[in-house]
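A quick write-up on the structure given underneath.
We call the chains A, B, C and D, going by the order they appear; numbering starts again at 1 in every chain.
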Amino acid sequence: MKVLMPSIDYMAIMPQTLLGVAGLVILLLGLFVPRRRQDLLAVLSIIFLNISVLFLFTGKGLLGSVTLNQMVTWDGFSILFTLLFVVSSAFTVALSIPFVNRENVHPGEYYSLLIFATLGMVLMATTTDLLILFLGLELMSIALYILASITRNNDKAAEAGMKYLIMGAFSSAFLLYGIAFMYGATGSTNLVEIASYMNISPMGAYEWMLPAGLGLVLIGFGFKVGLVPFHMWIPDVYEGAPTVVTTFMSIGPKAAGFAALARFLLLGPFIPNHEVGNIPWPILLAGLAGLTMTIGNLIAIAQTNIKRMLAYSSIAHAGYVMVGLVTASPKSVSAIYFYMVAYFLMNMGAFAIVYALQGENGRGLALKRFMGLAYKKPGLALVFSVFLLSLTGFPLTAGFMGKFNLFREAVDAGLIGLVIVAVLNSVVSAYYYLRVVVFMYMHDPDESVTVPEIPSMVGFVVALCLVGVLYFGILPGGILKVINLLMGN
Amino acid sequence: MEKFVWLIPAFPLIGVLINLFFGRWTGKKAHWIACLAVLGSFIVSLMVFSRVMQGETLNYDYFNWIWVGSFHANAGVLIDPLSALMLIVVTGVSFLIHVYSIGYMHDDPGYPRFFLYLNLFVFSMVSLVLANNFLLLYVFWEAVGLCSYLLIGFWFQKKSASDAGKKAFIVNRIGDFGFGLGIMMIFVVFGSIQFTEVFGMASGASVACLTAITLLLLLGAMGKSAQIPLYVWLPDAMEGPTPVSALIHAATMVTAGVYMIARCHVLFNLAPLTQNVIIWMGMLTAFFAATIALVQKDIKRVLAYSTISQLGYMFVGVGLGAYTAGIFHLATHAFFKALLFLGAGSVMHAMANETDMWKMGGLSKIMKYTSWTFLIACLAIAGIPPFAGFFSKEEILGAAWSAHRYEIYALGILTALMTAFYMFRVYFLTFKGTPRYNVHSHHAHESPWVMTFPLMVLAVFSVIAGWVGIGTHGGSWIHQFLNPVFTLPGSEHMAEAGHSGSEQLLLMGIAIAAALAGIGLAWQIYLKDIKQSDRMAAQFSGLHKVLTNKYYVDEFYDAVFVTPIKNISIALWRGFDAVVIDGTVNGIGWFVSIIGQLLRYFQSGYVRTYTTMFVIGVIAVLGFYLTR
Amino acid sequence: MPNSLGNFPILSVLTFLPALGALAFLAVPRNRESFFRQGAFAVSLLNFLISLLLLKGFIPSSAEMQFVEWRQWIPGLGASYHLGLDGITLFLVLLTTLISMIAILSSFSAINKKVKEYYISLLFLETGMIGVFLSLDMLLFYFFWEAMLIPMYFLIGIWGHERRIYAAVKFILYTMAGSAFMLVGILVMYFYHYHLTGAFSFDLLSWNTMELPFKLQFWLFLAFFVAFAIKVPLFPFHTWLPDAHVEAPTAGSVILAGVLLKMGTYGLLRFCIPLFPVATLQLLPYVCTLALIGIIYGGLVAMVQPDMKKLVAYSSVAHLGYVVLGLFVLNPQGMVGGLLQMVNHGLSTGALFLMVGMLYERRHTRLIEDFGGIAKVMPAYFAFFLIVTLSSIGLPMLNGFVGEFNIILGAFSYSVLYGVIANFGIIIAAVYMLWMFQRVMFGEVTREENKILKDLNLREYLVLIPLVILMFWIGIYPKPFISRMEPSINKIISRCQAGTTVDCQIPSGISMELNK
Amino acid sequence: MVPLSWYLSLSAILFFLGVVGMMTRRNTIIMLMCIELMMNAANLTFVALSHYLHSMNGQMFVFFIVAIAAAEVSVGLAIIINLYRLKASVDPDDMNRLQG
């Protein structure tokens, strides 16, 4: 560990600082850049995001630096998640260009909100302090509330934003209350210290505080990632929000929620001794995981709107990821991360295609509109099928490798029952994912439906996702090695 | 000898291939290939026979066929007096019938196909006879069954023909079910399926084992040789062209069961229970088939039941341990029964395929050759000396007598009486009396020489073939020829020798008397006063009805096996498969989607529902602590 | 790794050549339909010819894996790219290349819409199928196993008949449900291997040397068994099959019957039995009972089907029952018979589906009652159909007999009762096949539209002749087949005998779950 | 001196009131106020604990919470106003176009 200055390592907070500055700059520039040049803002955003990625790799790198009274910690975990957030945001920005043009959204606001949300996520992943964690979470959430309802004249979007806000704030209160209890139990808001207090509780009379705090914190983050029964907001918000925002929401914030939960795992409040405060966490988490994936998949079957279906599918996927949390080993954090990368690629790809096809007023979201797509846009249908298969968890795709890694850890931990529930859920999910394939390939084209042209930026993003999905699906060796190295396995 | 034995099956096989691939070109000349091929086989068989006469035998494997683990089945031949004799009979009769078919099938559109099938049959049959192990025997056993299937259903446009073919195949499969199991049991018990090896070890096996094996083998023989209870296919098999009936369903294939039992006599000798079963089965078959034959109107049906009946005799013979007698009867029967069928075919040819005897009569004036040869055959089957059937039948009955199975003997004599009766009934109704058909519309005519020539040859053999059995105490030529086969281990059970000369003469007398009585009765009823038959039918109307309907056995099988199995199958399909199994499978899917639909209602769209669910979740999670 | 063909990676080529062809097709405009037909045929023909090289290089007396290829694949997981071929897979691979080629050839006139997608699916399917047979790494195996479902799903769902979507979805979900358990089983095996040896590995060859405690074997056996039993399909997991067969296009049915079903039995033979020998011995009576029920039940239900394809589909249930029975009696006769019967069933049932398809192409119906007297109208068709039917009912001198007889012999040697029950199947087979044959072929031509049916054309001859030649070959001189299969089968048998005595400690992680 | 448990009880009551309000009230503005109530319950807990633990962390936390709550409410009000513009209602029960 090399600390350059006694209190603050400015290099170590450079990425965050840069993102914050970028948000502000874009917001200001948005006031001056003329409408017809608004793409500049997107390009600028992407450049900013990329620079912040570059910072992750500068010099000796950030690995190992801790600063600001342990409020910023750069370990392999935070680097990896930051990378995921920033890259997914960059992809979203690229996807957003046609949306911003079409919907007449104020570009400065829009892009800066995206960047602030990204900053929030980065803060969540790079800290071990509950305060910063909370701040990051709120920064991200508030930005997302606005993004969800950014198309001001769309009542669905407004409704989505409102529901998101009310539910989000509601859950934040629970999270806060939980943090308060944890603070009360341990006298600290820093997870490292909390972990070290685990064995000697200073509040003898209030020893219920720690487990209660942990439980409420779990609920708080569980809300963000969409664990059943805290998932109710997801379908409505995902459906109502503009598709590109949904794309963004389904990836980064979810990953951030899992990053926060995984941070608990890595640092200790849930592990190493599995039964903090005599609570068998694994059973609770396993129950939540099983419930989440099952409910998500079951309701997804009944959907006819593809966006809503993908929303439920994202709930189910949260359930799969939870399997990694149950196993609670450093290796399973690697598996979670790999899954999030895979999920980022396939979900981004799938949503991007839905986004490109949705047409005016979201009418293109009905499953029926995909009838015979394979014979109108063969390439697009093929690629969409690949993403859907990946979401199902078919081999040769990143989705399979992701699930495989998760289940592998779970089996190692002896959670065979949970794994069986999970694989059976995959089968159930195959039904609704493949139903889209059925509509695309096995029905004759509906000639009354015109398929919009695919913007080149969307095509580019989709192509990148496709390459990623296949590459990580077939040859995941390289990335697994990097992840394990950085996660310290 | 192995250098040329393989030619016997090879010739007809080549015939098959030529007519198969070049049938379009051979067309109406298909018979040249087919007949020459069988003639070739016959000549080679004669060569083999002459070698065997000199005491030569052969047991030679051409190649390894199925070798798995310790199970070794080869493609090999076994030549001994038994197979040599069979070869002569099979190829000889086959050749004649091939020739006959040239004329009989002349106008049939499926001419090359017919000869193809015939050749295929000859190939299979000679291979069956040549086989040197059980599996190979089984292979050609099934192959002849296939040929039988194809030939019965040769006129496949007729539903009755294709039904009959299918019935034949399936009933035979039931027999083969046992045969196959028998072979497997032989392998399990002896570790080999080579005839020589198995027979060499036979005495080491327990009686129970051997009884089981032989009973299973017998099931196969029952199917193939049309014995009770599996005889039902043979009468229906008459749907095939008449030469086919002559060749396959009278002369050769159906005797395969007898041949097989004779071949395995070592095993059967060691299983007295099985032998007893064979005797009774054979005798009852002979008897009941004869009773049915008494009243049939269809000339071919009578002959079919007569075949079943005669096969019953053969089974009685082999069951008694008188294998030579059985085989002897097999050989003589081949000649005269082929002759009978061909004669019947000749009549049908003349009568535009009419088979109802009540629409014939007085044909002897028009069809001299046919009529005379038919008479010879009738005499032969009735058992009038010096015709062939007398000697062979006499051997079997004599064996029953000397084995002190008097009940069998009595039934045998009774059956012989009936045999003579119904055969001469056929003869009188067909050839004698006054024509009962429209003489002007039917242009009855004698058949061409390609048809009558085989009749004459067969007639000659129907006379002289029996003479090889002249002699006492097993001293006849046939006994001496076959002795090397049947006096291998276990010959002490042989029951053939043992009655004195005077006794023999007495027995002969009884047999001849029975035959003559039968003939006389037939003359009385069907020639002298043909109205009498109707009166008798009316008098015994119940019995007559039962007999005409063949004891309702087909109906019984239909009601007890065919219909229930079909109904069960439909129930399994529509009830069990579609409802229970598939219902479960689809039910799971349905259940899952219904649950999904129900769960949607929780997603009401109201924020308060969401907060409520959230709080319930909180309570659940926190409650999880409290209960811990 | 050098093999008898030098360093030529023949197995990889075999596996991926069709897929490469399919990828190349993606770039060709979709209106060039004849290009796709001929191109796909050329690719599959080439692949078939390459697969014939295997025969040349194969060492018949060896039970070991041959032409082995090994590369690192995912080192972090211990997965490798490991291909190999032994006596068990040799003929299955050859069958696959042959059937694929024939399936492609048979679809030239049957498929007129979405031609490009069709041939691409078929070629990908071929890659998947060959990959399944050749993989020696369980992860790789699972990849191919699952990946292969997709093209089949498309084949049924796009080019099928009226209820195609139902059938396709049923097919894929049913199969996936089974595979799900297998995946869990694979993972458990994987960790068990790790606990035993300290190395992560999916390598089948090293898994094969593991001795597992009985309880673990039991559960793992079931996990694998369900996957394979559904694929076979063994009674009572068979109901997807009639639907899939009836709805699939001809080539789909041919491949389904010819190759796909064999994957289930192959899996049983390759994985279930040698990996879990003790469990196999313990569960053998139950498996055999299911197989026997399948034989009788499949036959009876087949008997009353009004639809030819459905009839053949149920007959497949019965035939595959024989295969499973043979494999599980664990003696050379039964197992060799079972393996041979896999090939046989591929040939004869494949041919049956082809022939039903030919009729369908002419008449657009598969109902038996719509035919009658076809023998007169189409004599060549009649001849081929006769041979194929007879092969299917196991008539001697044709392929079916050799397999079935050995199976029943093996079963009989194991237990008289099994042999007797199995033997009933051959009677039933004769009943349903000949009845169908009679109703289709014989009788008068009662329908006008049947009177003008054209007999086989040259392409159809080309499709059928190789199959018929093979039927006779296997029936008359099966030695080249059996002698190559036997060493590998014997190896499995000796593995079963050796693996019965060992008992090991269950590692803590897994035991936790198992002891619940 | 007031014992800690009193503070904790009070905050728990406040929090509970907020929760019940969220579940029962039919006005979006009031729901926002309920959330505010819940957050303030948390604030109270923080402050009380901070005092009893002799640690400033808790009080520092409260400042952030107050700021964030304000931000949240302002965003919330903006969304509600927009929604009112579109639907002429702030009743959350009117907002159920998204369901199922």
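Details
By definition in this document, contacts are C-beta pairs under 8 Å (C-beta built on N, C-alpha and C of every residue); 3 or more make two chains touch, one makes a residue touch a chain.
The structure presented is a predicted model; accordingly, all values stated were derived computationally and were not measured.
Chain centres defined as mean CA positions place C nearest to the mean of all protein CA atoms.
Here B-D and B-C are compared, and the pair linked by more C-beta contacts is B-C.
Centroid to centroid, with C-alpha atoms defining each point, chain B and chain D lie 97 Å apart. Distance between chain B and chain C, defined via averaged C-alpha coordinates, is recorded as 38 Å.
Each chain gets one centre point, the mean of its Cα atoms, and the points for chain A and chain B are 79 Å apart. Chain A and chain C have CA centres that are 43 Å apart.
Across the assembly, chain A contributes 163, 166, 170, 174, 235-236, 302, 431 as residues in contact with two or more other chains. Of all residues in chain D, those touching 2 or more other chains are 22, 31, 92, 95, 97-100, listed in ascending order. Those residues of chain C in touch with two or more other chains are numbered 173. Every pair of chains that touch is listed here: A-B, A-C, A-D, B-C, B-D. Of all residues in chain C, those touching chain B in their complex are 170, 173-174, 236, 238-240, 297, 300-301, 303-305, 331-333, 336-337, 373, 375-376, 383, 390, 395-397, 401-402, 405-406, 408-409, 412-413, 416, 419-420, 423-424, 426-427, 430-431, 434-435, 438, 441-444, 476-479, 482-483, 486, 490.
Within the complex formed with chain C, the residues of chain A that make contact are 374-375, 378, 389, 394-396, 400, 404-405, 407-408, 411-417, 419-420, 423-424, 426-427, 430-431, 434-435, 437-438, 441-442, 475-477, 480-481, 484.
Interface residues of chain A, counted against chain B in their complex, comprise 163, 166-167, 170-171, 174, 208, 211-212, 215-216, 218-219, 223, 228-230, 232-233, 235-236, 277-280, 284, 295, 298-302, 428, 431. Against chain D, the residues of chain B that register as touching in their complex are 600, 603-608, 611-612, 615. Per the touch definition, chain C reaches chain A in the complex via residues 30, 72-77, 114, 117, 139, 142-147, 149-150, 153-154, 157-158, 164-165, 168-169, 172-173, 176-177, 180-181, 183-184, 187-188, 190-191, 508-514, 516.
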